[in-house]
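There are two complexes below, and they share chain A, which is joined by chain B in the first and by chain C in the second.
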Partner chain A sequence: MVNRVITGAHYGFGSWLAQRVTACAMAIYSVLFVIMLIAIRPGDYEAWHGMFVPVWMRLATILFWLSLCYHAWVGVRDIIMDYIKPTAARLVAHGLVIFALIGLAAWSVQILWRA
Partner chain B sequence: MHIAHADMLHHTISALYFSARSVWVCCPDAVHHAPDGASQSKKVQHDSPHMADNNSRPKRYAPWYNVSPGNLPLPGLVSIFHRISGLGLFVMLWLLLWLFDRSMVSAEGYDWARSVLSGGFVKLVMTGLLWAFLHHFCAGIRFLLLDMHVGIELAPARRSSVVVFVVSLLLTLILGAALVW
Partner chain C sequence: MKIRIQRYDPDHDAKPYMKEYDVQLEPSDRMLLDALVRVKEMDDSFSFRRSCREGVCGSDAMNINGKNGLACVTKVADLKEPVELRPLPGLPVIRDLYVDMSQFFKQYHSIKPYLINNDPAPQLERLQSPEDRAELDGLYECILCACCSTSCPSFWWNPDKFVGPAGLLQAYRFIADTRDQATEARLDDLEDPYRLFRCHTIMNCVDVCPKSLNPTKAIGKIKDLMLKRVV
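Now for the complex of A and B:
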């Protein structure tokens, strides 16, 4: 066991686990979605839009997008931590990614639930 | 990662060592007369824990520690492509969501999205994204299995990294033909 110095920081286990849980959720959705696409072969707007009308499909899709946002946050945060060394630049990059992903999450809700 | 662990272990060894044999810090010559159990001591005396700035110690990397992509074994390539594909998907996400948005809003929007997706260059980009997604998908499953200590030995880990490349490329061909082209 590594001897930890208590700094008040988290040690990343929560993020690590969340990244994997969201990955599993997205993997299941992706496989089902591709199967749906190949089975239904939506050729026009009615069929395509109709795929996302049932509430369960909207919920599954929004869970996919929210999982994606969380998953991307952990992954991109890791990349930023590895390659952007100056603290100020790193924190700015973190902030931009957070805002971008919150925006993405809100947008995906709006797409699925607008009238 | 390995280097970090080695360093930490080394510091622990140093700390233990100095607490037991601190006299040798004062007179390094004694090292040469030390019994066999003290063979580490010569290394230890160079980075004293009393040093004011630990970072001033020059980093020592093993000579084989070369992580430039040309020097990576296949599992290393799977790993770095996992990272690159993830970043690429993140960057292109807004384009995909924009197309999804337009295609969901009205029949005209749907036709517009279809016409965008029928362009040759866009199809090429979409095939690239499909490959990025499928590589990320397959490599991710491999990492989940490795996390659960499945196939963690060297030989199976190398085999599974080949499988990741082969399966993701095959799926890109199949799904690309079925959905993109």
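Now for the complex of A and C:
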């Protein structure tokens, strides 16, 4: 294979926009979450559990986690691109991060929807 | 005036070192470049670039007390002593304050810094309205001194892939030019995780530009245009 500097992947703008959209979603959820904490002041497990009983709260939390995972993916991918140069090692690192983030997202769904 | 200069002659030195000079300035020596000319008179082995001596050619860009700037427009009176001078960071040093700017100009050339217009050339010139011409203010004044790109951590890290603030300012200069017909192609060229989107809005470029230009703003306008064409 030729040893040439290759650019032109054509996904920079989508990632940049997605990072900002997900940041907005997380910011809105964070404000909402703080307001709920102040209003409910959960002191025990039951109160914490009760906070996540409404379906809209669960959906908002899922949206927050998905936003967090996608936001983290773009950021971590950029770090990997900066620090891991061999293509094979970079691909493996990307794969590991994707699996970890999908696992975290699935775990958060499982926690929110279990009885 | 005490000046400490990074010296390096690849023919004789294993690595760069700092050398201090005690320079006697004349009353007419107002700018750092005047002091460097005095150093050159004291030690003719010292090398640095200079040309217009009035902030137009961009030849004497260097790192002055930790911040990139032009020696010819930097007042001696504003500098804290000893003045530490180093070559522009991130570029290969050829000798003393000389750096190899090939990579910088390679990125500049990659954005096709010329008008692309396939219409037959008019007899005199391609005219613009005063409003369209005003769009180029703050863009065309760049003198390509490389102060901005060599103060950008993203350019230090990916100089072969990230265009850098100087190149991106010029990219927007041609995107903003109503006489240019290659806007789509120019945006396509920059739609890449490295070429444009390695800019993380650190704004070192704005901080150091000796012409008070704002590459970060130009980069933001490129992103705005990319957004406009997809929504």
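FYI, the second predicted complex is superposed on the first by the 106 of 115 C-alpha atoms of A that agree within 3 Å, B and C clash if a C-alpha of one lies under 4 Å from a C-alpha of the other, contacts with A are read in each partner's own complex, and residues count from 1 in each chain.
Basically, contacts are C-beta pairs under 8 Å (C-beta built on N, C-alpha and C of every residue); 3 or more make two chains touch, one makes a residue touch a chain.
All values reported here derive from a predicted model rather than from experimental measurement.
S.K.: According to the stated criteria, A:Met81 is in contact with first (chain B), second (chain C), both, or neither; which is it?
M.R.: second
S.K.: What is the contact status of A:Ala72 with respect to chain B (first) and chain C (second): first, second, both, or neither?
M.R.: First partner only, chain B.
S.K.: A:His10 in the overlay: touching chain B, chain C, both, or neither? Say first, second, both or neither.
M.R.: A:His10 sits against chain C, while chain B stays out of touch.
S.K.: Could you look at A:Tyr45 and tell me whether it touches chain B, chain C, both or neither (first, second, both, neither)?
M.R.: Once the two structures are laid over each other on A, A:Tyr45 reaches chain B alone.
S.K.: Between chain B and chain C, pick out the one touching the greater number of residues of chain A.
M.R.: Touching more residues of chain A than the other partner does is B.
S.K.: Which of the residues in chain C come into contact with chain A in the complex?
M.R.: Within the complex, chain C touches chain A at residues 157-158, 160-161, 188-197, 223, 226-227, 230.
S.K.: Using the touch rule from the top, collect the residues of chain B that touch chain A in their complex.
M.R.: For chain B paired with chain A, touching residues are 8, 12, 83, 86-87, 89-90, 93-94, 97, 100-101, 103-107, 110-111, 133, 137, 140-141, 144, 147, 175, 178-179.
S.K.: Flag every residue of chain A that touches chain B in the complex, lowest number first.
M.R.: 2-3, 20, 23-24, 27, 30, 34, 37-38, 44-46, 48-49, 52, 68, 72, 75-76, 79, 104, 107-108, 111-112, 114
S.K.: Where on chain A does chain C make contact in their complex?
M.R.: Residue list for chain A touching chain C: 5, 7-13, 15-17, 78, 81-82.
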